[in-house]
Amino acid sequence: MMAPPRRSTLAHGLARHLGLALVSALLAVSVIGYGGLYLATQGRLPGGFEFTSSLNNTMPLALAGLAQTMVVLTRGLDLSIGGIIDLSDALAALYLGTTAASMALASALILLAGAVLGFVNGALVAYGRLPPILVTLATLAIFQGLAIRILPQPGGAVPEGYTALLVNTGAPYALFYVLAMMLFWAVLRRSRIGIALLAVGDDEAAASSNGIDPVVTKLVAYTLSGLIAAAAGLFLAAQATAGDATTGNGYTLTSIVAVVLGGVSLFGGRGSGIGAILGAFVTTMIVNILFFAHIDPLYQSFYEGAFLVIAVVLAEGLGRLVRKRRARA
Amino acid sequence: MNDAEGRRAASLEAVSVSKGFGGVQAVSGASLTAFPGEVHALVGENGAGKSTLIKLIGGRLRADSGIIRYQGAAAALKTPDAAHRQGCWTVFQELTLLPAMSVAENLLLRREPRDVFGLTSSRRLRQAAEVVFARFGIRDIDPGALVEDLPLADRQVIEIVRALSHDPDILLLDEPTSALMARETAWLFGEVRRLRDAGRTVIFTSHRWHEISAIADRITVFRGGRDVGSFTTLDEDEAVTLMTGQRVEALYPPRPPAPAPAAALAVADLAGGRLAAASFTLNRGEILGIGGLAGHGHRELFLMLFGAMPRKAGQIRRDGQEIRPRSPRQAIRAGIALVPEDRKTEGLLLPLSVGDNLTLAVLGRESRLGILRRRRLRTLAAAMAARLKVRMPDITSPVGALSGGNQQKILLGRWLLADCAVFLFYDVTRGVDVATKHEIYELMTALARDGRAILYYSSDAEELAHLAHRVLVLREGRIAAELAASGLNAERIVAAAMHEQAAP
Amino acid sequence: MSDIRRRDWHRRDLLRTGLALAATPAILSGSAFAARKFKIALSNSYIGNKWRIEMENLFKSALLMEPFAAEIEGSWYNSGNDVSKQSQQFSNLIAERVDAIVLNAASPTGLNGIIKQATDRGILVVSFDNVVTAPSALKVNTDQFAFGRMGAEFVAKKMGGKGNVIMVTGVAGTHVDLDRNKGAESVWAEHPDIKVVSRYTGMWDSATAERNTAAALPSLPPIDGIWCQGGTDGVLKAFIAAGRKLPPTAGEAENGFRKFLTGYMGHQVDGISIGQPPFLSVISLELARRALAGDYPKKDITIPFPYVTSETVKVGETVFPDLPDSFFADFTDAGPHATVKICVDAALDGKACAGRLAVELPAA
């Protein structure tokens, strides 16, 4: 057989990681835009405080985005993420205790609880063959209700040591967690289960005839989602230094935004957890840019929406362009 | 059948296997016996149950009843995985590659090379895939490419290589050659022979008789969901008779009488895409063949006539009136219908019923004050389905449930109901079983006798030689030769398509 | 705009240098410092209802009026009910080195971490309306328990201490809803002959209150009193639609309800209208201004509710027949002991009113 000219490894890499490349570019552009605006308005460049607080403020969303990625990759959607974050946040505010041992134990149990709730979602979706949107919309309401019962009024307390560990305000230690999340994704992507997640989302029937069990795969996806969402709740509580059983609600939607910005396909099978994490940072940068651009606050959500639409259309359009090029090649 | 072989140990047995989908019995009481060192062909019309049987044997579907044995032991086939563990690998007709993943990932799915931590990497995958490809002599597929970026033929090759790389004891290939070019088919047959010589069993299906006669050691014929006989030698006419259950005198019906010169369609200097310039006249009652190698402007010619592609230049006259079809809708209004090769993507609404699909083009005509005349529509549809001998459970069944040839008939029926006068047949028999081919030929000649004009492109020159009154051979976007019916044969058409001087 | 900001910044830098040289904190409250404008920002969460819009408009208008115009450089931000976004905006305000942040929070606890960072850096945080629990933030609010009591006492008195009342509550799970309900319940407990025959939420929204009332009414006995947290005009409209007579009513400060107090849709209601005043933002701004200037202690403030009854309501001052029902008519206080008096244009468009804006903080 003839050997046609091969395309370079780089070209293939770019083609498969287009979403990741785009969100990286988007993040770079938005960071530069933010830096420029900051310099123009403040007469100096953003420093340690700005870096650390942006990092700390984004941690819960970065985790929520990663959680959402697990499920979106399998062509599902997890609307209950906000509810799990609420629950985890409420439990953390009440039961972390004051000793290192109690904090470690409570954290582990809360993560376990998140995983169990995720497993329930997964079981309903995989065994019950119910649409993920429906299942997780219902469990969202249930988890939110549970959270309100556990912590009817905002309150409780997160010990200072815990806050210092997760979202240290003095130095950007949270960077370590971001790297850990990225490492988690890199390992997952190279493991059996990671490949199964992508395969099931790509084409469930094909994956199944290749011996991948879609039921088990989905169970794992939703369980991981619940576990990571619970971690997001711990960070949220640590950041607030107290609990509020409603502050997680918003993450259901913003996690989807992070996922979409991160180039993860809502149709499953394509995308990277790293993309979703970077997508979360892009949303923070958008908030920062609009802040320092001194946009009339009443138009702020308009600009946020417009920015999102432009980003998604751009990503989609570029993706299509690259695809066409490749088809012609 | 041969008693001596009957005593040898079978490597694969299916005994009285049945499988139904809803009300339709796809396989009913089918049996199959295959031996080590044997290439075993399954033939039958579309819908005869071959593909379903292969899915049952390969573990993709579960039988309602019956027994499947590998190497004499009952195989518990809950999943394809179970079949794989017992040495049986299948290349299904619907490919099972994951489009968003790389070739290497697909090739090595679930047996990725892993390091001590159980992790794989794209570098390891690529290296391992190159080893596999080298083993089977594949050099032109890049292991790093995404499957979705590859042409269908490459995907089919990957699917085959993946099955081969598991060293299967039993290999099932369901229409593996329909997407392959001649060169790749030759490669595949080389691999199949190698397996046979190593004492393995290969089951395969094809609608191309020359392939079957070239490679099969044994042929089992299927009809109506069950096997009707197993043979070591069989000729095509016997096979067609067995497959259809009725005596077929000849595959090709007689050519209709030569038409009088009365132009239904006149084309002058038509150009666009790869079509540089084409001028010809199509008469009423004429079957005008269009021959030539693929990629020389045939597709463009048909699409422009049907208004599905913009023209760059040229005139089209329909019954002497100039027309400028800018959409299929306008073409149909001018009485021009297209019957394309790929039935599923062009024209039919698969979830809708046979009746709905048949009457789609006449809904405007058959309604009063915007309200459909349902009873009349149903009568029209039923009459047309009967005329075309559509095989279906009933007129309300969804078109998606029918076999390919029957779907094609429904598209044809729609244009007949719409009273189209010019029919553009574009490679309609590709991938169609021989019995349905025969019916399509009969329909086509009946249309011509009825005074309709037919423009007929086929990638099979044999068909053109038997059916057309004249054949225009396209080469490099121009009409390179016009061949008359007398003395017409496939060789002359192919020659005209390849050499300047071939046409006398 | 950025030019002005940069100039300010330079001036402040010079000042800092000067201070460092002098190294005497006493100068901080001296006249040299007064030459510089204080930077005060409003960090608001949700902006999707009329109350919040009026609240923000009043803040904007105050910035245009003296003494604020001369002394304050103000800005305002909305984050929606997204705590992490408000937290990020808060971080940006810290980065901008504002002097004070006036805060209506998305969560009573969710911002505590970032508030501590702000106050640790010497930024004054004044929280109002949905107040925060962070100990370092000053709180400006009303006594919601008193709100509940005040309305309930009025209704109980008008009913002669006996009969059937309905309670239309607010958004469950909030402090405000809880405290108001407790206040009302404490009054009912004092009147054993008053029976709460129904209790449902109106979500502080007229349309919801009207819908839920219409759903509840058919199964209810004659009602002698209405106690409502919000959406009061909706409740009354549902009564009219059901052909019921309108009993004494305690409700919020919606213009629509106040129209009923003067006579509206052919009905005149005997009632009391109590408001969570949108001018809490202005009082917080004043507290921040005076605390920064050092002439008011850094302490929490509770202000009395502005209220009117059918006897005291005044057209053009505390009720506006030409404005929509959903307008909050308590944008200004009334009477001799008013905390804030401001014109209607300020509430509607954030425009400056004539003259100085006088804000009476409680005696220090």
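When the chains are written out, they are named A, B and C in that same order, and each has its own residue count from 1.
We adopt the following convention: a residue touches a chain if its C-beta (ideal position, glycine included) is under 8 Å from a C-beta of that chain, and two chains touch if they have at least 3 such contacts.
Predicted, not measured: the structure shown is a model, and the values here were computed from it.
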{"item": "Topology of the chain contact graph, where touching chains are joined (line, ring, star, complete, other)", "value": "line"}
{"item": "Between A-C and A-B, the pair with more C-beta contacts", "value": "A-C"}
{"item": "Distance from the mean Cα position of chain C to that of chain B, given in whole angstrom", "value": "74"}
{"item": "Averaged-CA centre spacing for the pair chain B and chain A, given as whole angstrom", "value": "46"}
{"item": "Chain centre separation in whole Å, for chain C relative to chain A (CA means)", "value": "36"}
{"item": "Shared interface positions of chain C, touching two or more other chains", "value": "none"}
{"item": "For the chain A and chain B complex, residues of the former touching the latter", "value": "1-4, 6-7, 9, 12-13, 15-16, 187, 190-192, 195, 198-199, 202-203, 205-212, 269-270, 323, 326-327"}
{"item": "Chain A residues within the chain C interface of the complex", "value": "38, 40-43, 46, 49-50, 53-54, 57-58, 60-61, 93, 148, 152-156, 163, 167, 169, 236, 238-247, 249-250, 254, 284, 287-288, 291-292, 294, 297-298, 300-301"}
{"item": "Sites on chain B touched by chain A in the complex", "value": "60, 79-81, 84, 92, 95-102, 105, 109-110, 112, 117-121, 137-140, 142, 144-146, 149, 183-184, 187"}
{"item": "Complex interface listing, chain C residues touching chain A", "value": "1-2, 5-6, 9-10, 44, 47, 56, 75-78, 80-85, 87-89, 91-92, 94-96, 106-114, 116-117, 133, 173, 175, 178"}
